[in-house]
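The following blocks contain the structures, represented as structure tokens.
Next come two complexes built around chain A: one with chain B, the other with chain C.
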Partner chain A sequence: MNPPRTYTRGMQRWWLRRPSYQFYLLREGTSVVIALYGVFLLMGMAALAVGPGAFEAWRAVLFSPLSWLLHLVVLAAFTFHAWTWFKVLPLTVPPFKTRRFPRGFSDATLNRMALWAWGVVSLVILVAALRGLQ
Partner chain B sequence: MTQTRTIIIECLRFHPETDEAPYYQSYEVPFTAEMSVLEGLQYIKDHLDGTLTFRWSCRMAICGSCGCMVNNEPVLSCQTFLRDYHPSRIRVEPLAHFPILRDLTIDQTDFLAKLESVHPYLIPSADDDPGDQPRNQTPDQIQDYLGYAQCINCLLCYAACPQYGLNEAFTGPAALALLHRYNADSRDAGKAQRMDVINAEEGVWGCTLVGECSEVCPKHVDPARAINQNKIVSTQDYFLRFLKPRGRR
Partner chain C sequence: MKPRSHEPIFWSLFGGGGMLAALVGPILVLIVGLLVPMGMGFGPDAMGYEQMRALLGHPLVGFGLAILIALFFFHAAHRILHTLHDLGVHATPRLKQICYGSAVGGSALAVLVALVLVVRA
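Coming up: the complex of A and B.
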């Protein structure tokens, strides 16, 4: 028997179909900002390898008013990305059971633990960086 | 009190022998507060247009037949109520991302093949034969898979998953959740047979955690969790194979 003729609708502008798809794209899109910022930091290291002149030029770009503004945008993107990343983190963790917690931890607990760890690590890096600047 | 009101139901229509492409047809349907969208469709079929084609069976959200898109949302039409949409009109379409067979019915062939590929049944180990005795489990062992065992194959999760819509090869939420259901069962020893499906590009790695599958699931199966926990399983499997003797997985 021949398979019946079917009609398949396309995926044109699929992200408009549900608001959650747009939130998902925003979540994933912020990783592009993070990658671009990584490239910017790499350029700084490359400038350091080239020589003092190049590094000073890179630093001049870094401390320009436009750069301050862009850093605020990047900080917002980083925070949103990290926040949503930790939000979905519990889904990716296999339940680790202990004697005291035979069913593992709840999603909310895992999320809170991850956010605390993030906060502490960020603080340590911030303090170390500020000391380095002095 | 059963007050009768009228709602406009807009159905997607497609006849494979006469229509080049689908189109919408509107029906004015009288309804009472307790009527589901499915009952609205049945009213159309009984009183207005006998050619409207759709699947249904149990009318109580357990057979998984009546899934469709209502206003772009994948739902079971038997547990979606017309009163919640009145006085706006509603648009009923076949489940997204699947080929349309006719009107609101979709072709499930692709899903059924994928379901078969995950070996969705207990595969006990050969040296673990309890004979006539029951194979006991602790409540904790049951909890490990019970949630995933609630799947009714209604395919709402596939209709909510843009990754499946964009790439039909993706094994998809329900099949992978059922795969996890059997792997997580203490009576099962078939994990090795299912590893190829997990590890494949179109297996768990086809998922980017949009997360909508778990949102729309009428049985709260949480396929997103099942899939993403198996990304860790797949990663471990990838690295551990270097430590194992050759010829063994």
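Coming up: the complex of A and C.
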């Protein structure tokens, strides 16, 4: 006797079925951009170690209009990553309490604290770069 | 005894990389990739060879950047591996070796380059 054949829906192109699935894939996709940007930074570091000629070549790529355009996309990917990373942060950090806040923190508060930390860190790096990299 | 899972190690590296990419990634891309090349707030000689050589010759900056790049790689390797599974590419031991192996290789290279930059500063 044949086993009962129940209908199971295939998983073909599941990401098209809901906007939240596409959002999820977009979020995970930022990791590809992050890896590529790591490779780009590593190339700059290696060029710096090789010598002035190699580094100027890398810097010329960085200063080209095509690079500006690509960096806009990279910036968008990193910002999207950061926004979603801090959004799920309350679910990924272990619950913690302090003496002043014995009941811990709500998800919204944790998210807000992370966003503030992001802003402060960014501002500190920007000010340091504006002073140091002239 | 049950063999221990490697997952906590890779998850920590994924988490650390994700956290750093979120905290410092956007401002780093904005400064290095857009503000400096466009000359917005920075002079035309910003990020020149001598300046960057001196900056990355400092152990904290050189190794700091290497660790940042390494964690980017581990973050991406972990995420790509698990997303490929969702896209129907099963996470075989071979695929894991490719993902985490390239992260290890890239990280080793980054630390090696930082070492050269710091030692020959």
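What to note about this one:
Quick note on the criterion: the second predicted complex is superposed on the first by the 119 of 134 C-alpha atoms of A that agree within 3 Å, B and C clash if a C-alpha of one lies under 4 Å from a C-alpha of the other, contacts with A are read in each partner's own complex, and residues count from 1 in each chain.
Operating definition for what follows: contacts are C-beta pairs under 8 Å (C-beta built on N, C-alpha and C of every residue); 3 or more make two chains touch, one makes a residue touch a chain.
For clarity, every value in this text was computed on a predicted model and none was experimentally measured.
Of the two partner chains placed by the overlay, chain B and chain C both lie in contact with A:Glu28. Applying the stated contact rule after C-alpha superposition, one finds that A:Thr92 touches each of chain B and chain C. Of the two partner chains placed by superposition, only chain B is touched by A:Tyr7; chain C is not. Put chain B and chain C next to each other and count what each touches on chain A; the higher total goes to C. Of the two partner chains, chain B is the only one touched by A:Pro102; chain C is not. In the superposition on chain A, A:Leu75 makes contact with chain C only, while chain B stays out of contact range. In the superposition on chain A, A:Phe55 makes contact with chain C only, not with chain B.
After overlaying the two complexes on the shared chain, residue contacts for A:Leu42 are found with chain C alone; chain B is out of touch. Overlap of the chain B and chain C interfaces on chain A: residues 11, 28, 92. Touching chain A in their complex are the following residues of chain C: 15, 17-19, 21-34, 36-38, 41-43, 45-49, 51-53, 55-56, 65-66, 68-69, 72-73, 75-77, 79-80, 82-83, 86, 88, 106, 109-110, 113-114, 116-117, 120. Chain contact summary for the complex, chain A toward chain C: residues 11, 25, 28-29, 31-32, 34-35, 37-39, 41-42, 45-46, 48-49, 52, 55-56, 59, 62-63, 67-68, 70-72, 74-75, 78-79, 81-82, 85-86, 92, 117-118, 121-122, 125-126, 129-130, 132-134. Residues 14, 16-17, 19, 21-22, 72-73, 96-101, 107, 109, 140, 143, 160, 162, 165-166, 208-212, 215, 224-225, 228-229, 231-233 of chain B are the ones that touch chain A when the two sit in their complex. For chain A in complex with chain B, the touching residues are 3-9, 11, 14-15, 17-18, 20-21, 24, 28, 88, 91-94, 97, 102-103.
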